[in-house]
Amino acid sequence: MTPGVTATEIMTVAASRLLKDGTVCFVGIGLPSAAANLARLTHAPEVVLIYESGPIGAKPAVLPLSIGDGELALTADTVVGTPEIFRYWLQGGRIDVGFLGAAQIDRFANINTTVIGSYDEPSVRLPGAGGAPEIASQAKEVFIVLKQSPKAFVATLPFVTSAGHLDGGDARARAGIPGAGPTAVITDLGILTPDPVSRELALTGIHPGVTVEQVKRATGWDLKISPDLTTTDLPDAATLAALRDLQARTAAAHGTAPDSTPGTTPITTPITTQGRAGGGASGREG
Amino acid sequence: MAKITPLREAVASLVRDGDTVALEGFTHLIPHAAGHEIIRQGRRDLTLVRMTPDLIYDQMIGMGCAAKMVFSWGGNPGVGSLHRFRDAVEQGWPRDLAIEEHSHAGMANAYVAGASGLPLALLRGYTGSDLPKVNPNIRFIDCPFSGERLAAIPSVRPDVTVIHAQKADRRGNVLLWGILGVQKEAALAARRGAIVTVEEVVEDLQAPPNACVLPGWALAAVCPVPGGAYPSYAQGYYERDNRFYIAWDRVARSREAFRDWMRRHVLDTDDFAGFRRVLAESMREAA
Amino acid sequence: MAKITPLREAVASLVRDGDTVALEGFTHLIPHAAGHEIIRQGRRDLTLVRMTPDLIYDQMIGMGCAAKMVFSWGGNPGVGSLHRFRDAVEQGWPRDLAIEEHSHAGMANAYVAGASGLPLALLRGYTGSDLPKVNPNIRFIDCPFSGERLAAIPSVRPDVTVIHAQKADRRGNVLLWGILGVQKEAALAARRGAIVTVEEVVEDLQAPPNACVLPGWALAAVCPVPGGAYPSYAQGYYERDNRFYIAWDRVARSREAFRDWMRRHVLDTDDFAGFRRVLAESMREAA
Amino acid sequence: MTPGVTATEIMTVAASRLLKDGTVCFVGIGLPSAAANLARLTHAPEVVLIYESGPIGAKPAVLPLSIGDGELALTADTVVGTPEIFRYWLQGGRIDVGFLGAAQIDRFANINTTVIGSYDEPSVRLPGAGGAPEIASQAKEVFIVLKQSPKAFVATLPFVTSAGHLDGGDARARAGIPGAGPTAVITDLGILTPDPVSRELALTGIHPGVTVEQVKRATGWDLKISPDLTTTDLPDAATLAALRDLQARTAAAHGTAPDSTPGTTPITTPITTQGRAGGGASGREG
């Protein structure tokens, strides 16, 4: 086991493992971008990364700070306009995996990135939809990566920005939404997947050193625990080294570190919640 | 043919109080210099359209230029919230700001429809989202062939669009390359015309045959403003200055700090070159 | 990733009797070699889609491949009529040919809608034309915002699209440049996939950042066929052979001359290289 | 006066004169292309030529044989896809003049390029619509150039492919068609323009040496003659030289001559009908 692995690192590696080689992935900025690029640099060299700003097949050497970094353009197979990305590539049905962050989700993996409180008199104004509503509905499946806390995992969303499984069951299909929707939510505590029938998220994977009680406390509803709960493998040394190299290159290039930078306090077990962003806005798109 | 003209004149002659104005640039080639010039000239009651309002609209909103914003994602990319935007939405300071909110796919399609002279855009979108509940401009129609229900939104037709590009030739033909965002569509969607600030004016664009070139005759004004996308980047010219984005968070958190900063850096400077000089001074002071 | 594969195998595995097939290329990069291969393999009952059916469809129609044609302009560009097409429409030889007829704007929008995964395209078009009277796939809907009446047509979604391009790399990424026509949209509109014949396979496409590149993973097959657009042209490789277009008029005027020519040049040759050899012989004889 | 000027030359020069400098012109192949390029090479160097295949600002040194010649791409300011031409540039309202050929027109300058006879059992199958229906409706105004004969200028079109002034009067505006429609029809005998109120074509210009009776005989309806009928100026020597240079360069480049090549029998006055194509298909698009 590699010493000093952080919760964010475990989350990023766990998310990256879900991306199969050759997958065509529509990548959100921040944690999704870190996980997707880690996959590309490790087990999935043929993964195709598409960013909403226009790059198709981006192979950045450092993580982008924004969704439209020049690094994405210079390393891509081609760069098209943003309308084409949404029209020909996403709506055209060519995206295998939409990889999203979120400010809040509910038990059916619906996503809020719009407001806390009422829409007209919000207590917190979040950045808004971005590409998520159509990514969430049109990618063949969706992975969501965010840190787990009661403020982020809420019983009732104040606003549904992007559809997960709506009210559960076959509600999504009945609404005529084409893709399969969220199939995994990867957090710093574990992995949640929807029940095949009810579509309610259950904890199916737990990161090493995390207790079920900890996960339940970080969830704003009575979280179901899978009877087949597995424990996440810790990152192997090579993967962890690849992630840390990527982060170091990124920090050196930008003079700052993106969201997915390891927390300042390295941990092994138990995993603490240090360095978590909580339920605030995911400010990393752009 | 587009007039190659100073930015000040282009803004003075083309942008009017109450206009719908789109300043576009998708993290790349953001027309910051033009945003400053609109602030300097004191435009009011603008409807500001932009997929990704960031620092440029935070500044314009905080200075009271805007009555309404049409957008799909507002934030300081890589940093966090837009404090001036949030203050306007949450507290009505310096004035109430109406918002019309879409998804990126919706906005991108609306620009395409605008460039195409169509009154609406159709897309498969917004299903299951609460956005149609708060935005009456998101409607649904049935396909007469398949029966499928599709989202319909009005096209975006700004009075004036402002973009920044790498270069123009002397006839006002403009080349942009790299991340293109929605700039071409936004420029062509404008009713009165597009203002394009450029890094430089050259004899020959040296554009590949299928490059993104906007012919000069289709533009209202082309304005040489080297560095005019700062603190965003212009591929082939300069990198994004990420220190500025981080520093902006602190400036914009307080109304007073914001007002002081804008006065010193924008209102009391003559143009973007002046802004850059004063900014260099204040950054030295802060260091 | 697109399989780099011989054209014969690509056609055999991807094109089926009864398919809707689009061979596109707007005077430039017309996939003649692929058209010949479809004829050689004896495909039947195809619905052929193409904005500008010219010699390639004249040959396929005359050889009995097609049950229907969807198009917007049919002719021998710069020369005159398509005699085999006219014989099929006017006399039903060698079989009846149903036609669905649009305007260029309609077809181009229908391809865009197909590439976009939409069931229909909207355009301001066909007003005052008799085309809607003879084509039930041209309908009209009212814009829910402006009330304007707009034309609606179904998107084009071929089972297979075939295009020709200048080059591919070993991963099957394809670059085309110059006159692009609707090839990108047609390729992306195909349900089963696109076959792309290319002049050459190279190590590095050397494509400018915003060039028209089709990623290999979005294509079904990439087939090296040097000269595969002959007698049309491939910019940077060879010019259009206008003698062939003029000579075709004579060949296609009579059913017998056409059948004899097709047997000798296409059915009795193994591939496009064979066709070019025999054609060189027959042109020497004629000279 | 230049000796040996042909009817086709007079027609081409007369058509080219109508194009003002700086005009943005959507160009059909054949006669329109010859006239538009002649304008560009003489009095209108800043005319912007757009072809439906994608070139914007084409400046061909030789006339294109087809609507998508490489010469157009290599000399253009930029080359976009065909969908963009029809969507952003034509439908977007950016075209000042649509310059069209036709197989047949009627007294209201409606155009047929589809069939002679019935649609289902045509006696002659013509090439079809091409870009004309939307060019005719969306360009701010339309010039039509074709040779005049009773087969081409018919009382009743078997098929209206592209709208001129429909049934005349304000029929076009009532149908919601945006552009002003055909404002000039240029033939080898004269120039016809629509009456401001009825929109019926009247002969307003006649080429030198042509008689009104000749024009009437070449028209399938009772053609109105303007009381202010003017006689076309013969091409000046410089313009004629420019046209002949262009045609010679074109012939040398293609080994063949496009539609607008001078007839084989040079004429001055009276102009004969030699070399006319009659009412057949305009086979020059493509």
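By written order: A, B, C and D. Residues from 1 in each chain.
Assume a contact is a pair of C-beta atoms (placed from the backbone, for glycine too) under 8 Å apart; a residue touches a chain by one contact, two chains touch by 3 or more.
These numbers were taken from a predicted model, which means no experiment stands behind them.
Where touching is counted per the definition, the chains common to chain A and chain B are C.
When the C-beta pairs in contact are tallied for A-C and for C-D, the bigger tally goes to C-D.
In this assembly, the C-alpha centroid of chain A lies 42 Å from the C-alpha centroid of chain C. In this assembly, the C-alpha centroid of chain C lies 28 Å from the C-alpha centroid of chain D. Averaged C-alpha coordinates put the centre of chain B at 41 Å from the centre of chain C. Between the CA-based centres of chain A and chain D the separation comes to 59 Å, rounded to the whole angstrom. Multi-chain contact residues of chain A (touching two or more other chains): 73-74, 79-80, 87, 91. For chain C, residues touching at least two other chains, in rising order: 112, 117-118, 123-124, 148, 178, 180, 185, 209-212.
Which chains touch which is summed up as A-B, A-C, B-C, B-D, C-D.
Residues 29, 52-55, 65-70, 72-74, 79-83, 85-87, 90-91, 110, 114, 119, 121-125, 127-134, 137-138, 159-163, 166, 172, 175-178, 254-256, 258, 281, 283-286 of chain D are the ones touching chain C in the complex. By the touch rule above, chain C contacts chain B in their complex via residues 117-120, 122-124, 137, 139, 141, 143-146, 148, 150, 152, 154, 177-178, 180, 208-212. Contact residues of chain B toward chain D in the complex are 1, 112, 115-118, 173, 185, 188, 207, 209-213, 215, 217-218.
Against chain C, in their complex, chain A makes its touches with residues 22, 24, 46, 48, 56-57, 73-74, 76-80, 87-88, 91-94.
Only residues 26-28, 51-52, 54, 71-81, 85-86, 89-90, 101-105, 108-109, 111-112, 123-131, 134, 148-149, 178-182, 184-185, 212, 233, 235, 239-240, 242-243, 246 of chain B touch chain A when the two sit together in their complex.
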